[in-house]
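In the two complexes below, chain A is the common chain; its partner is chain B in one and chain C in the other.
Moving on to the complex of A and B:
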């Protein structure tokens, strides 16, 4: 077969064997080769290695890898700390995602309307999302400081409280507090997604609903929300995963404390791996987390590919 | 909230010249109140960061707190930005390192992502769907899961304590989004344009370089600023991969500053502020592209 690699785009497909087909398209692969190479190296290899390592004991002194079956998994799943951490992670992820979603969606609904200064308001609201989580963690840590913090100081000054407010050092309040900070950091992501989504809702649909006697709230629940179903799903999923993976804010603000009251899966894994150097154990932990993600990921890709199929047709 | 917009739209349709008198209803008022509260919630931490950074250490711990510092001074900024004192030299080095890492990440990321996105948009080749799927799935992977094996990998490659380990990691983690984003832009450029160029004798690469690249400039800018900001802000990997003082990037430098001068809140706030300036300025200048980077793909269809 005399085939030139440089076939023009959209050339009709001819039937070939798989290998011949791949050979025919060798020039196409050149374009994606760099991407594939770095992804295999930085993503593919680590996944395989983590799974492999999760079935091994990795004593620090010798640096060996000793196969120990599912012992790592058993150790994690049977520790009471794991279940406490799981509960924290659950509260953190659901709380942050839900809070940021409600706040962000509400902001989008207000900002969807034209008014003077809308662009400025939108830009200001987006700044927390853009700045580093490190800077955000320190500013909030400073504002929430038990002795000199702004929040304690102002509330005392206004006579709302008479004693300093202990937030980050209290076992009961620490998790809600970091969730609020996290919502501050990421609600504008939802806002931006939903503004973009709202622009796609056809005005005729809303008008039709109005003609049928729907009020503002009914238009919202019966027209806007159903129309934006995909955008809502994707946004919450992305946020859910981001929160499940979020490390910096909690780690820098609380370090998982006090007494593990704000310990999350991610911070726990980090501590096991790099404080106690338990690579095997941390790997098993990562695999568990990874499986949870994979379930979410499968769902996410399904929504995403469905969306593009609909867009193409 | 939206009812007034709609009402005025209806009014405009029937009587184009006349505007409805401004009569806010309950939803509008609630919307405005909400927006004002949200703005306060957003701005207070940032305002407090700046306010504290202009105070002396003593003034910063006064209770009740002062919103506007009595004697605002730029002492902290002068110290941090002065290359001749030790702290300043250190801080400026972190800044330069961050700049280097983020810039290289952005440039190399584009070099890898642009051809790949183009191929995914234009060509059909065996395994394309599977490959594209695997690119997308990466978005879901927990970053920390990769930390242990990547640390070991970088150690084996001799890249621990080298900024190249960070550049390689950031650019790879940024790839799925970049490819997804750029593919969206290429999908919107009609292939007829290239075909015309090809008929005029251009090679496929020339058609790509002369026709497609200029048309996809917005996509490239969007991708670039997104990966720059990601690289600038990243903390976990920088903390894990870098050991020596002179290699560290801003987020780690800031943490070091905090542990070493834990009572110098004005200094820490000034450092946080300086660290935030480049990304905020970049974002404000190229806001449109950044927003596009975030929403593209999820909302388009």
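Moving on to the complex of A and C:
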């Protein structure tokens, strides 16, 4: 005896509407309700309040919130300093992300192979990742100091240079310098992600490619990289978002100087909010940053999803 | 604000004992003051409250130890020992590197407060300097401010402007304006009313390495007399010894920068607003006048033309300067009297060849007056003030008696001195006459030099926008000039435009 009613054969299952779907899975939502409430409180409310504040002027002297329409956005977007900071931010983000990815992937490829001492090397290469950003900032600031930096001292002792390197105090060299420090800090993360990804690449595929006459480079580009596409996308997305938000290294090493040469969106927002007490202006700035990150995230997820669909079909 | 119970009612002969004692303490203090040494000093009251010609190292030494104070009695005259409840105080207290004596006094204050007011629980929070302002802003915005906060001199005005601080009547504390430096009282004034009481004030002095001066062929016993001399000395020292001359600090978002730059600006007859003028309006900027451009040109000459100051000046704070000074790489700098103790600590930590070098530096370290300019000699008037928050900022009723007791204790001659033993001076001028001042002058080398700079003190503009002007706009102006992003004139004009726009929005 049949206990359940089945759809007649050869008829497609009807899709439920959204509300019906939610109602059908009501128990699942109860389980995640506490997490959702926390997210609404800790993430949702600040976002809504920040957007609201971005349309208000917040004079220092009164602390009032005066609605001013899009004046804050107009002021930011028409400021030459904003465009200089935007250029710095994108150079910093793309440079750090690309550099950390290339170095991390290269390290992962090396560590994917067996060799004596591999474990020790892997542990050493993990050190930048586990050191706190604050400690790293102060140590690198000391090493790169224009007048008593360790790096300049050693290079002078070896006769490689005869004058101290001026990096953090040079408006032309400061941004590349802090990018290099950031790459050093982040490449270990990429290395870990790629090592995990490389371990999932089937050895049979690589063997088959070799049998077909593929060289090392062809195996890498036609087998390994395509197989790691999702891992690569996720890793670079995470790095991109992290670098767009990155505050500690730049703030502690240079403060955004000299002459705003290393000023980023996030450090500028901090200064406007907590030094100039321009909460409305800083909120508008934050909304712009948020929209950029949202767009980047959406684009990446779209590529990821399309890739998954192509793979499934 | 006094209640009807506290008013002296002649008609009904209803006398409130508390009010009489408070008045008596106040009058006694004022009377003692007026017949004391300070009264004679203040006969010719200058802009900073004391005639500089009468405030000198000899006077300071002569004043010390001439009065005895009974702090407990003075406090109980204002707030009886039956005061009860809980009172919260946020303060930037000792850290790891603070001299032990300062840490000991911090602990002693907590202990002795308990003996003065056994029923009053003092909830004292030691907040790091770099965190305190943001915490206070957040707390007061959220209705969670403490009852009392001791804030650095520049911070209180923004809270006063927002209505977060209670008005204070000096006489309610047995005090009068003659007991404080004029600059100190300016820093607690907003729209003609006081919103705090100064606890301590300090000014910095000019420090130099006599050995490096001698090596450069300069008179080791005398610092440069003018800022133009500083530029010339700096160049001579660099050329003849290889060491940097002046320890310039030009980092953005670092309080050290305006503290070392503004004395030169004022000395040349310029100001961020018009704070150094006789009757400042705080509505116009003078930063790009002839004097302002000349001061910035000095910085440019030292950094770009002569290269006689550390290359790292754009990212250095005074902490980095200390390392350069103790290693004999910088010959001159501006700092507090506590800098000598800092150098001694660094000497103690040094080893080998570095120890001998550090010993030479400490042995040759000397203090003098900050150089003067074409218009004046000036120095930043620093210090802290005690403030009481409003009920709204506190998020509930302030413990009025408790808060008054805490503020009175912090501003008493004894504890205004002891709480700031190593790096400042009592704001309450009676503190200079106590026996403890005598001990400080013996214990702290060069204290009399930095103290003698007090009459030249100019406070930063007492406007809420001061933080942005001093920590962002002025340092960015300096960096724009020194990195040649702009010319000196352009950098000064840019700063003037930004300050004008900022003030016009107020």
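Just so we're on the same page, the second predicted complex is superposed on the first by the 266 of 313 C-alpha atoms of A that agree within 3 Å, B and C clash if a C-alpha of one lies under 4 Å from a C-alpha of the other, contacts with A are read in each partner's own complex, and residues count from 1 in each chain.
In the analysis below, contacts are C-beta pairs under 8 Å (C-beta built on N, C-alpha and C of every residue); 3 or more make two chains touch, one makes a residue touch a chain.
Just so it is clear, the model here is predicted, and its values are computed rather than measured.
By the touch criterion defined above, A:148 lies against chain B and chain C together after alignment on the C-alpha atoms of chain A. After overlaying the two complexes on the shared chain, residue contacts for A:223 are found with neither chain B nor chain C. By the touch criterion stated above, A:196 is placed in contact with chain B alone, chain C being left untouched. By the document's definition of touching, of the two partners only chain B reaches A:244; chain C does not. The larger set of touched chain A residues comes from B, when the choice is between chain B and chain C. Looking at the shared chain after the overlay, A:296 reaches chain B, while chain C stays out of its contact range. Looking at the shared chain after the overlay, A:274 reaches both chain B and chain C. In the superposed model, A:254 makes contact with chain C only, not with chain B. Common to the chain B-facing and chain C-facing surfaces of chain A are residues 147-148, 274. Those residues of chain A lying in contact with chain B across their complex are 6, 8-10, 13, 18, 21-22, 25, 27-32, 34-36, 38-39, 41-43, 45-47, 49-50, 53, 103, 106-107, 109-114, 121, 123-128, 130-136, 138-140, 142-143, 147-148, 150, 153-154, 156-157, 184, 188-189, 192-193, 196-197, 200, 203, 206-207, 210, 216, 219, 230-231, 234-235, 238, 241, 244-245, 247-248, 252, 266, 269-270, 273-274, 279, 282-283, 286-287, 289-290, 293-294, 296-297, 300-301, 304-305, 307-308, 310-311.
Residue ranges of chain B in contact with chain A, taken from their complex: 1-6, 9-10, 27, 31-32, 34-35, 38-39, 41-46, 48-49, 52, 60-61, 63-65, 111-113, 115-116, 118-120, 122-127, 131, 133-150, 152-153, 168-169, 171-173, 175, 179, 191, 194-195, 198, 203-204, 229, 232-233, 235-236, 240, 250-251, 254-255, 258, 265, 268-269, 272-273, 275-276, 279-280, 283-284, 287, 290-291, 294-295, 297-301.
For chain A in complex with chain C, the residues that touch the partner chain are 59-63, 141, 145-148, 164, 166, 168-169, 171, 253-261, 271, 274-277.
Partner chain A is touched in their complex by these residues of chain C: 134, 137, 141, 158, 161-162, 244, 251-254, 310-315, 320, 323-324, 327, 329, 464-465, 467-468, 471-472, 476, 479-480, 482-483, 485, 505-506.
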